[in-house]
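Everything on this sheet refers to the single structure shown next.
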Amino acid sequence: MGFRPLHDRVLVRRVEADTKTAGGIIIPDSAQEKPQEGEVVSAGSGLKSDDGKVTPLDVKKGDKILFGKWSGTEVKLNGEDLIIMKESDILGIVG
Amino acid sequence: MGFRPLHDRVLVRRVEADTKTAGGIIIPDSAQEKPQEGEVVSAGSGLKSDDGKVTPLDVKKGDKILFGKWSGTEVKLNGEDLIIMKESDILGIVG
Amino acid sequence: MGFRPLHDRVLVRRVEADTKTAGGIIIPDSAQEKPQEGEVVSAGSGLKSDDGKVTPLDVKKGDKILFGKWSGTEVKLNGEDLIIMKESDILGIVG
Amino acid sequence: MGFRPLHDRVLVRRVEADTKTAGGIIIPDSAQEKPQEGEVVSAGSGLKSDDGKVTPLDVKKGDKILFGKWSGTEVKLNGEDLIIMKESDILGIVG
Amino acid sequence: MGFRPLHDRVLVRRVEADTKTAGGIIIPDSAQEKPQEGEVVSAGSGLKSDDGKVTPLDVKKGDKILFGKWSGTEVKLNGEDLIIMKESDILGIVG
Amino acid sequence: MGFRPLHDRVLVRRVEADTKTAGGIIIPDSAQEKPQEGEVVSAGSGLKSDDGKVTPLDVKKGDKILFGKWSGTEVKLNGEDLIIMKESDILGIVG
Amino acid sequence: MGFRPLHDRVLVRRVEADTKTAGGIIIPDSAQEKPQEGEVVSAGSGLKSDDGKVTPLDVKKGDKILFGKWSGTEVKLNGEDLIIMKESDILGIVG
């Protein structure tokens, strides 16, 4: 069963902070909001302006990304914990 | 008797959280706002910009959707509990 | 004596919640803001953008509508209680 | 001596609520903000967009209007109490 | 020595409320924000949109204006108390 | 060593309030936010709109300006105290 | 391993305030938010408008910049402490 995020939303699988990631990202332990690493599972068709124009997203399935700790909405899909967030919540692409 | 949502509004039938859905979505039990599953009963003609341009919606009758728990306005129509929400409250399409 | 709502405003006659309406709408008794049923008495010429472009409204005289309980401003016109609201306060059209 | 309201502002003479108006409007006595009746004394040249485009107003001198109770700024001009408000504060035209 | 207001700003000389003005304006004594009368000393080149388009102002040197009591920033120029405000703070032109 | 302000930012050298300025500006002693006089040291390339269009600024190196007391960010450059502010924080040009 | 900031975001290496920088910037010790010096490690592809138009950034890899103390999100990449911020958080370019 699949899930297609709407518009500029992206479905993300979190890479847990307590496992050292392949990319070598280590989240510093401070009081600031800490970015987290994740992988894009599926991406929406694009940002939809008020005039109806659709702009494709800059992230695609498989991208390793950093995102803010409190971004998005958690959802369990096929028994797996995933996050639905907007592309604007993504800080950048690792790799 | 029918109901036609105006502009970018969508009429949604909630799929109750206490029944395991066909799509296999299980809502995690946490303090965050939890998405809920629903089915589109009818959709408005489209998002209307300030300039009067109408953009058709990306969801249609029959779509299985996820939406935020507190989205929309509850209404009873022909004895059935339904929700009227905006398309922007919809997180994505399941299936 | 008539009343012509300005721009995107609509003059609405409320259908009282304690009478079962022809459309069969029954408002659920909950703590949420409850939509109410009404009938459009007269509609403005259209939404006026900052650039002066006017877009005709999607509701017209005689439409049965649902609207939020706290929408609009109450006014007594020719001895009748009516409500002036914006088209964007209207949830959809019944019928 | 005259007064020319700037842009989308309108100079309005209030029709006192305690006199029954020619139009037959009676303001209901409730806790909500109550609309009041007035007459347009003079209107600005039009709404000016950020791009400098001017759109003529939809109200003109002599129009009988309804407006919200707390709209506009009171001013005494040639010994008469008047109100300067924006066209968007006007609910509609009576007559 | 001169002063050239930037963009849509206007330099205004206040006409004191305790002197009866030539225009006959008497400010009513109430709890609401009261408009005050002034004279335009110099006006900026125009409102500058985000796209860089400049729209000339509708007020010019010598115009008698009404403005809100708390509008603008006070400045002493060549020993005279003046106010720098935006054109949008001006209610209208007297005369 | 130089400093190039980005976009619509301007680098300003404050003219101290306790020295009577050449322009004769004397800041009144009141509770309101008081404008201060300064000189433009360097100006950015222009205001950048969301569409990427760049509009040159209306102030240039050497202009004597007035600005609000709390505008901008203080920085020490080559041992001199300067202020980085946006052009929109500038009230006007003296001279 | 690299990191590509998304849209108008920039990856910045902070130049510590306790080392006198090559540019000679000394941050004054006051209660205001103090700008800090940094170096651009990598820059996003550009600011993306709602209409999908991309405008290249004005900063590039290697630029020495000033930015507000509380700007951006801290991240550790390949063992190095870096900051991800938006171009609009950058005050200007030193050099």
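Letters A, B, C, D, E, F and G mark the chains as written, and numbering starts fresh at 1 in each.
Here is the rule we go by: a residue touches a chain if its C-beta (ideal position, glycine included) is under 8 Å from a C-beta of that chain, and two chains touch if they have at least 3 such contacts.
Given the structure is predicted, the values throughout are model-derived calculations rather than measurements.
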Completion exercise
Touching subunit C and subunit G alike are none
Problem - CA centroid of subunit B to CA centroid of subunit G, Å - result: 41
Practice task
Quick one: report the Å distance separating subunit B from subunit C, using the average Cα coordinate of each chain.
Solution key: 23
Practice task
Could you put a whole-Å number on the gap between the CA centroids of subunit A and subunit E?
Solution key: 51
Handout entry: Interface hub residues of subunit E, defined as touching at least two other chains
Key = 50-51
Exercise for the section: Quick one: label the inter-chain contact graph as line, ring, star, complete or other. Expected result: ring
Completion exercise
Each chain touches its two neighbours in the ring; listed from subunit A on toward subunit G, they are A, G, F, E, D, C, B
Fill in the blank from the handout: Seen from subunit C, its contact residues with subunit B in the complex are 23-28, 30, 32-35, 46-47, 49-51, 53-56, 58-59, 66, 68, 87-88, 90-95
Completion exercise
In the complex, the residues of subunit G that touch subunit A are 1-7, 9, 11, 44-45, 48, 50-52, 73-79, 81, 84
